[in-house]
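One structure is given below, encoded as structure tokens.
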Amino acid sequence: MPFCPLVSYAHWEIVPTRWKDNDVYGHMNNVVHYTFMDTVINNWLIGEGGLDIHEGPTIGLCVESRCAYHASLAFPEKAAVGLRVGHLGRSSVRYEVGIHREDRSELIAEGHFVHVFVDRGTRRPVEPTGRLRESLERLRME
Amino acid sequence: MPFCPLVSYAHWEIVPTRWKDNDVYGHMNNVVHYTFMDTVINNWLIGEGGLDIHEGPTIGLCVESRCAYHASLAFPEKAAVGLRVGHLGRSSVRYEVGIHREDRSELIAEGHFVHVFVDRGTRRPVEPTGRLRESLERLRME
Amino acid sequence: MPFCPLVSYAHWEIVPTRWKDNDVYGHMNNVVHYTFMDTVINNWLIGEGGLDIHEGPTIGLCVESRCAYHASLAFPEKAAVGLRVGHLGRSSVRYEVGIHREDRSELIAEGHFVHVFVDRGTRRPVEPTGRLRESLERLRME
Amino acid sequence: MPFCPLVSYAHWEIVPTRWKDNDVYGHMNNVVHYTFMDTVINNWLIGEGGLDIHEGPTIGLCVESRCAYHASLAFPEKAAVGLRVGHLGRSSVRYEVGIHREDRSELIAEGHFVHVFVDRGTRRPVEPTGRLRESLERLRME
């Protein structure tokens, strides 16, 4: 079972599971891991980067995501989700996410998620600037 | 806007929202409130009542639910969810749930949720006993 | 087990279940029934009433919903969902929904769902008019 | 915009969207595409392969999934989802999925999804046999 030590991620968030996350096989359905990614990433962008999801001119659209599943998590457990930026381009950013058991003793799943920042109206790529870009740079690791 | 003071519920849990909880109108979709009920109730039954959702002989099935919506909540906000038991019968229990803004300054929605406890195999009603019943009695308020 | 004959609803839609609709107990989670209501109602409003969920000046907000569960449905089954209007006020409408097995041989759940129509910007109640009101009137039954 | 002609997939299923699939940005949230994969794959395994998700000795667990997003889909649109098997190993299978606009005029997203078949109890890999394997072989394309 692979293990990702604390140092591997720039930001951590505890995400509780919900009753409905468990599927017929008694564990968190594979789709829910992507909800965790979406949630942790947008929480960061809103809180640290000043992203205004309702009115702001720039929004992030997902153009690719992937997840590899190593172990099971199940409601009512909580996840410790680690987040870092693997690549920051002009208008796109690749986040890397590690979903761990709450005490970080085990890696449940690893994934990545690519945002392209676009103009809300035209949906054409734009370059994130100012506080938003700074928040992304703070998620990079050497 | 109605307001439910702290004393109104026997148990409180903070439930974070997720990105996907918001719908096209920019706020938490009306369906998600029921997920909050399901989650807080089962968290209590598992943690306090010893309910074993995977193997236990007794399970709780929802036979009725209702919610009245008074205000909006939106990701990335968190909810403070209050839980109490309004009626405890032989094999059924009626939970009352209040979903509030995290600081409890405003009631977002009020609902109820009725569980009938049944045998996992036959799905016939059974009486919850022991630790499970005690956990339900602790949620009753005068 | 109650039974609602075909004549009881003004409109019918077949709604397929999804893998993730089933929960740990092997049947469709109680929350999903509300997703069916939301979907069938908005499908009608968009298709028949000309509701523009992205840009239109009037939107429908849910202020109350309720569901009573009589039997189980499970993925990969499909539901036959019946829809009618029980009460049509100046700015609000109460829909009544019956979720049946696909062949309508059994009523799975019955619920209602109340929309208040509001101005998208101010969120103040407005009166639905024209094609939108006509589409609601066509859902009324004597 | 890439385009996948009809011949590219061994099986097609129409999957309707739901109100709640749309997120704040007015289109189907990136997570929902994985629900479509899960649903179409399991529909096939149950209907064609005889998979018994409730009691059968063999179940399929997702060990990897990925999706690339090319265009937007939004409720109330329906998707035409194409399914084929890209690789069939001893105990694992890699499905390839193409999510298209209902008339197949445009490819919305492409993904893959890897199942490992395991024993329901021990969760150790097992080889799918008989009708289940035959159903997988019928999804292979030259």
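For clarity, chains are labelled A, B, C and D in written order, and residue numbers in each chain start from 1.
As a working rule, a contact is a pair of C-beta atoms (placed from the backbone, for glycine too) under 8 Å apart; a residue touches a chain by one contact, two chains touch by 3 or more.
Quantities reported herein were computed from a predicted structural model and do not represent experimental measurements.
Colleague: Between A-D and B-D, which chain pair is linked by more C-beta pairs in contact?
Modeller: Pair with more contacting C-beta pairs, A-D versus B-D: A-D.
Colleague: Can you work out the rotation angle that lays chain B over chain C using Cα coordinates, in steps of 5 degrees?
Modeller: 180
Colleague: Same or different interface residues for chain A and chain B, judged by whether over half of the residue numbers are used by both?
Modeller: Because over half of the interface numbers appear in both copies, chain B and chain A meet with the same residues.
Colleague: Where the CA atoms of chain A average out and where those of chain D average out, how many Å apart are those spots?
Modeller: Inter-chain centre distance comes to 23 Å.
Colleague: Which integer distance in Å separates the CA centroid of chain A from that of chain B?
Modeller: 28
Colleague: Would you kindly tell me how far, in whole Å, the mean C-alpha position of chain D lies from that of chain B?
Modeller: Distance between chain centres: 33 Å.
Colleague: Which residues of chain A are in contact with two or more other chains?
Modeller: 19-20, 22, 24, 26, 29, 31, 35, 38, 53-54
Colleague: For the complex, give me every residue of chain C touching chain A.
Modeller: Chain C reaches chain A through residues 19-20, 22-24, 26, 29, 31.
Colleague: Residues of chain C touching chain B in their complex?
Modeller: 24-25, 29-31, 34-35, 38, 53-54, 59, 61-69, 120
Colleague: Could you please specify the touching residues of chain A with respect to chain B in the complex?
Modeller: Result: residues 15-16, 18-20, 22, 26, 35, 38-39, 42-43, 46-47, 53-54, 75-76 of chain A touch chain B.
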